[in-house]
């Protein structure tokens, strides 16, 4: 890997300078006050190599709402718990529709296209509700193990706000229930789902947690017990489905498996080499961080480190 | 009207004999125990002329769950209360999709195609919840006035069963709420909607209540105050939208404005002449009474009394 | 019919004066030069009672391209020729989608929703191509018989222009062919279809031709042999499907079976009483004549002559 | 790469033995006689490392119709010729619908989701028709250069059969034309497209041609001039869109960029390491080779050589 001779610290600073011209474009998520009140111009990045070297820049240590990035951890947990049975209730195909579309769910008889659209994540939450003794505590425990940091927690106010206003997600949950693809009450599933979304982590913590997917083997974790093959498959899923209906664009321009959240975070991996997390709250029309997308595109172009 | 020289009593008996060969086809609605437990082979009809003559046959005096036929009364009430503002929140076009489809609602940004699909009826219930002091009592009062019978009531067990299992309707209600086309809580709207559906009436009572639409002018009713033009428009709506995605078929074969319910009832009118109600619980794949459809087709063919 | 005591000549003048305020709204069809070059502010109407009285106003004797109104005549011919077999290849339900949508056709496996959307009219043309010896001459002969005027003809330039630019219709024809719902070559079907659309008639000729549907029995016609019941069904179809996805609106506001064309014409009937044709080239967003719609709404409101 | 110590010749034989139990499942494409007449139980594979080592098994030297695999070469040529302008006329997102769906094309105003669904490939053919002097000869020249074999040719009979029966593709072409996203005549575009699909190559030739994508830099080719970044992007596109609505499944189970054809071929690459082509005519319901899919899944599982 000649690329490893690069000065990554300098590269991050250089990229930050270059993406600064997009600063101010887009809006941060504003559907709940807790997200709307963040400074929209925050920017942080952490690049975390498997060999132990780590490079940080900007607001890389400040925690933010990981939102949909939590879907990767929840899916990993469910995949570990019930194996390929998971795919009987949720698919592995890109959706071609916005992330909270009911259309596809109705046409496809209640089986969500993949676990990273909201409908799929609700099914995953339903599975964890059925299979974990304490799905709230155990998910946090999983995050603590992955990061080595036991202060990571839910933001109860965020979870409560989302529950109070998440009519579209409630509609999805009841639709899934009508197809018998939720086994618990929609209300309970929604509450768990919104708690997962409300987890707060910094770029550095996210990047460290994503080592799981970069390494493709698991260390020191109680739950769930994921095989190397399962971790590769989760990487494939992130590549094809991690960015809603912009997944193709991300694969095309960035070329890494990853997952974004409306809190403005994106986490991605180059399997076998590194994980990376970037945070900037302003989003494009598809709900992905504008600066985050540009940052990762520059990172893989300049470092020549992509999977393709 | 030479047709009036027909012996209608004989005609009803003749039609009943003729449709008997379809007896046993189809299934009655079974999604809640209260509907599943009815004798599926009940059959009644009442033909009620504006000139005062009335003809009944079979189980015409037995009450059944009017279900979606209630949507006509609720829409009439809402139209009387808020006039053409109603059509800002719900359309007047046939849906081309099954009655509880979320697809169309999502594509069309939360404005239901018409008030006779479930989504539209939920919006109508929301309007009544906002505009009536006691929407439960006042709707019953409306039915009492239309029929002259104050024993007509909600079946609380039916309403409760539907509420407990109506996940698809709950999904619709939350989707409407997400588009801001419900102003009350989805829970309250659903409860009112399911109560309206649970009203029980006999063929004779339904036919009498439909005199409102056959006469096209209102007598002795406190609420709502409907003009002749409004009543004609409700007839037009019944013709184009009264039978979900079988509305064209009904217009084509029967040629009358009408409305069906999954309880097996159908009520229809020949404006200026008569109203008719038929009841038989077994339904076709589209959710309309098999014997009811055949009965009305024979009635208009043999009497030559249709609007076309 | 007390209404018959109205002075209809005065009524038409009055209506024309009233709708004049909408003059200038909307655009005439411009996708082919022959339609774009007409004076957009033409306005004519003919009201033709079955009792022999006839009232005309404005440009009622000037011929225009009847376009989709031809679909009614073609459907009548096909229904007469093959009877209910017609409905195995085309439905009788409103479409809920714009008139040339491929979506519904694809979802519903190549069976058009009804004969008045373009896909359905192509199937009808295919049937006439298979069942008539000379489908070009015989359709004109049918029009000559209905109007008593043998100068009615195709506009070959209009037909050729539409053929050269009708890519969407060609797409529909090939899609139907892929589902095996065209039995002749798409090219031949398109040519026939565009010829039918290019027929030119005046309001007075159209109104006279629509006597067929107002009378509901056929006089002096060689082809096709339509029963009274078939003619009623065609009226029902016009009511539910005659105005594309504005059919509900037309039924709601006007309350008559009818059919519009992008040439700006609308023909309608009050079965048992009269037929009416109106022409004004400027169209609304749904492709229906703006002044034509207003004219008919006023006609049925003021005369109180609608089917509902 | 410890993996390189594997005995690949033995591995291929082992995989062939293992997938033999699926032999007989599925049907070969039969919509044209030329495809229906091939022995459905052919099976060949060629694994071609960038380091020069090559491993073949079974019918690896027999030519078959590459069909949709040609879309990758055509897209590469168009991308080389007009660069990112290509993406103004065709997207880079997975489609979520079957490969020849008109629905998505209509909803998305004539811009195909990606160049590997039929609609997208028609746009690509249109571009080559506009930008190459002789798009028939030059595409073959491109294949000759990539393989070093100048006997690769079109199968004129296959192209003619597809042209004569390809109604669905004709429908797509006219729909694209109606949206002005074809600049040449639909007929000419279809002819070129079907010629590209009719190219015949063996596994060994295909694998060699795919070295272009494995190497990610171009050698000795006149047209088109592709950069390393462009080749990576084509790999990303193959990964997200190469297998129609089974792309996610392929990424999930196999983890390589690739492209399948209804002739039963699949070509794939592990960028930086190898290309591979497999051929077996029997297809699953999604139109992908059953044995081919199993073969590649075993290859990446057993060799541990996938991109994830």
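The letters A, B, C and D name the chains in turn, as written, and every chain counts its residues from 1.
Keep this in mind: contacts are C-beta pairs under 8 Å (C-beta built on N, C-alpha and C of every residue); 3 or more make two chains touch, one makes a residue touch a chain.
Since we're looking at a predicted model, the values are computed, not measured.
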(message) Taking contact as defined at the start, I'd like the list of chains shared as neighbours by chain C and chain D.
(response) none
(message) Using mean CA coordinates as chain centres, what's the gap between chain A and chain B in Å?
(response) 48
(message) With centres defined as the mean C-alpha position, give me the chain A-chain D separation in Å.
(response) 32
(message) Counting only Cα atoms for the centres, state how far chain A is from chain C in Å.
(response) 55
(request) Any chance you could list the residues of chain B touching two or more other chains? (result) none
(request) Quick one: label the inter-chain contact graph as line, ring, star, complete or other. (result) ring
(message) Can you work out from the touch definition every pair of chains that touches here?
(response) A-B, A-D, B-C, C-D
(request) Please name which positions on chain C make contact with chain D in the complex. (result) 101-103, 106-107, 167-168, 170-175, 177-178, 186
(message) Show me the residue ranges of chain A that touch chain D in the complex, using the header's touch definition.
(response) 91-97, 104, 113-114, 216, 229, 232-233, 235-237, 239-241, 245-249, 251-253, 255, 257, 271, 301, 306-308
